[in-house]
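Next up: the structures, one after another.
Look at the two complexes coming up: subunit A is in both, with subunit B in one and subunit C in the other.
Now for the complex of A and B:
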């Protein structure tokens, strides 16, 4: 019954000139999303030191979905490979991500242009 | 909406059906005049309560259902989520993001924290099978605070 999650990968260039990987999610982010989200993250090559997570097209997130994002931050911390940013969250989920403390490890931006400008 | 309105929904013990309860709660809150941000808070709290009931209370057992009872008074909406588990004995500590990111704490386990943070009242009651429930309340008088 859980809806599917789609993840697409694109690349952008930060103001500093460095390469930024953008993982764009759509659909639902729940416990059923773990394989597709972490799988796409694991497929990133080392060319981008920064990763932006795009939630613009996400319709539903629950705490199990948020845990997958934390798992990604955990893996990044172990390898010291990527700095993270997040954009496209609704005001409600910006509040929820802040309550949980994710903003301590991944800055929250309102949209892609603000995120790219800040990198 | 008439004071004392009452709606009951029964959900299969399958993840994803929490959205039915979310939609129902959102519709009732909208009819009562709650703001969009309060409705978003309620939807997340109801979703987390239903997920806990499906996963932990009913152990994903398809022969069991989760009861969701919504009732109103003039100034509040109450949602009870009922399952066949033994109930919550101890509330977990608030999540520690540093420990989670270091791998010292399970990345999951944030549902009850979110519920408590997003509604005006949240209480867990233990009971025999079919009688354990979590009770959530949001109040209209909190709208302008």
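Now for the complex of A and C:
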């Protein structure tokens, strides 16, 4: 049985001093997660130009879940509103994200501090 | 009272009959007058005593113990004594009738102890049995019977921890060879609950007296009358029980049809109330009422969920969530209310606490009853067919009437409103069976629900049939699209295995021998459409057709992927397709292009392939090609992510490490697939293996695929 996806929004400050929005996911990410993930993304205001996606508490991502992440990144790429980074992925999903080309739209970092330091 | 005085006067005149025989003799008459004058003070003195009810010559019939009974509130064991001064007006004794409760005779809302007394003069008819028996129709709630100061019977248990039957037939008690004496009845009425009118307590109908045989005959006749007047009611209960049983069996056979489960709950709950309350089973009041409350709550919950399904509200998450929450509140409230019946209410403090708690819980219960009409109003935003209109109308009317009846009966001993009692009055009788407005609404609601559920299930069946037809079509489509035989690849041993996770999956592969100009090269295409079912099968059909068309114009795997991407963009409803295309030349050269698909394995090493977006996400995409050379004995494996992401029930992934270990053993496609299935299949699994043969070795193929669906 799939665990429900939850998304929490917090804010951090990059080394450059700019504001960074962090969307932290938990549970499984699948087709059922579309509403909650895209809904939370759309609620982001323009105050943070950089967005980090935190997958530390994510247990599983299926192909439909990957499609949702790609859709969000492509949407951001069209509007050029946010620069994305991703951290907290297990080695397995780092490999899968690279395989489907997500790393061309969002840099992958091992953890939050590495991501904040790189921004 | 008039009848009693008349009997009393008859008794006195009978006493003077011998004097009448002496009227012919004036002297004797004079003496008689003198004697009468002397006796007069004695007779007047007797009128200040309680008059006895004389029952003479009682044979096969029964005599009602009517007329005024001496009555006293409170409790004193001395009140059983026959010689007690119970004259009206003395020491708090008064007179009331025994054919109606004390609550309607000046003692409204009284609960607790009280005593009834009746002076009797009994004499059997000549030749009749000398023993007398007593028939008590009903007394609220516990009582003891005394004859001339001796307790001869007890019904129920007096406080503390009182207990008494909930409903029961009239009770019979033997008085033995009783003649003249005093019948005393000690009664205890439990404290009133929120809906009691107060017009209760003590005798509800006249007791009767007669020979044991006459009383037994009356009991049988009473049973017959009771059963006769409830023919319709028990018939309705049997019909409802049948509906409940069939619904339950239907649900057990198909657990997806929850509407059947809720109909079973709704019907069974009402049948359970009939068993508890109306069958005259020897159940204690505490037990019956303790279970009645949660069962009534369950019936309401059953109706709510029935309305959710029938009025097409089951798709509204907020309504469903609220209904679930309210169902929990209802079941907790009604269970607590029922559990109050087990509290010992013999002390004033505990009785008051129970009354207050009962009032509070009943208020919540009553408000919750309004939810069914609210659901009907919410459901009316949808378009109903006639069966759903009937359910909506009768659910609304029956529940609103129930709410009005309960609400008006609350505190009626203070408001003195009689509307709730009038609602329960029969509108008409059929063959002695009463029909109240509640009876009629209940029957109409049951019929409308059964009809609506029947129509609902028929629609579901037709919808399911349409889906199954679609799936059969999709299976047939997939059977055509997945090769049922493999072409021979010179210089290679080829195996394939395909195991869909659902009836129609989204994996696909094609092996397309290229035209002669390519020196016997072969195109191998393997991919995975996100999603399953008919939509995935349709996408696969589009991909296969497009790939074969593109292969006529180019042999470049990257160009084929780019062409596929252009045609798939905007046609996948937000999904995507991962795809691996490779061109295999007879000399072992293999050109690979990848669109987001897991890279193939060469022996135990993953082939380096640049990551790229899957097909269909962006309108224009370009893909890179990489080349590997397969040497003799090399084992080359292509697979879909169903193999990589097989999961145990604990959530552990098969993963790349296990994959590497699996492929190091050079399994064929079927062996690799079985390993993932044993681990925990979650998605379609497709595996293709190619083994480069030495010169002179015979090419071979082996294909494992699901059995075609029966036509």
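Convention: the second predicted complex is superposed on the first by the 117 of 119 C-alpha atoms of A that agree within 3 Å, B and C clash if a C-alpha of one lies under 4 Å from a C-alpha of the other, contacts with A are read in each partner's own complex, and residues count from 1 in each chain.
Just so we're on the same page, a contact is a pair of C-beta atoms (placed from the backbone, for glycine too) under 8 Å apart; a residue touches a chain by one contact, two chains touch by 3 or more.
For clarity, every value in this text was computed on a predicted model and none was experimentally measured.
Q: Quick one: classify A:30 as touching subunit B (first), subunit C (second), both or neither.
A: first
Q: Residues of subunit A touched by subunit B versus by subunit C: which partner has the larger set?
A: B
Q: So, A:98: does it touch subunit B (first), subunit C (second), both, or neither?
A: The answer is second: A:98 touches subunit C but not subunit B.
Q: Does the superposition put A:42 against subunit B (first), subunit C (second), both, or neither?
A: neither
Q: Between subunit B and subunit C, whom does A:62 touch in the aligned arrangement: first, second, both, or neither?
A: It touches subunit B and subunit C both.
Q: From the superposed pair, tell me which subunit A residues show up as contacts to subunit B and also as contacts to subunit C.
A: Overlap of subunit B and subunit C footprints on subunit A: residues 31, 60, 62-64, 67, 70-71, 74, 92, 96, 99-102, 104.
Q: Can you name the residues of subunit A that touch subunit C in the complex?
A: Checking each residue of subunit A against subunit C gives 31, 59-60, 62-64, 67, 70-71, 74, 92, 95-96, 98-104.
Q: Under the definition above, what is the set of subunit B residues touching subunit A in their complex?
A: Within the complex, subunit B contacts subunit A at residues 12, 14-19, 37, 40-41, 44, 47-48, 51, 95-98, 100-103, 106-111, 113-114, 117-118.
Q: Using the touch definition from the top, list the residues of subunit A that touch subunit B in their complex.
A: For subunit A paired with subunit B, touching residues are 1-3, 30-32, 60, 62-64, 66-68, 70-71, 73-74, 77-78, 90-92, 96, 99-102, 104-105.
Q: How about subunit C: which of its residues touch subunit A in the complex?
A: Touch residues, subunit C against subunit A: 528, 530-531, 574-576, 578, 594, 596-599, 611-614, 617-618, 641, 645, 647, 651, 653, 655-656, 682-683.
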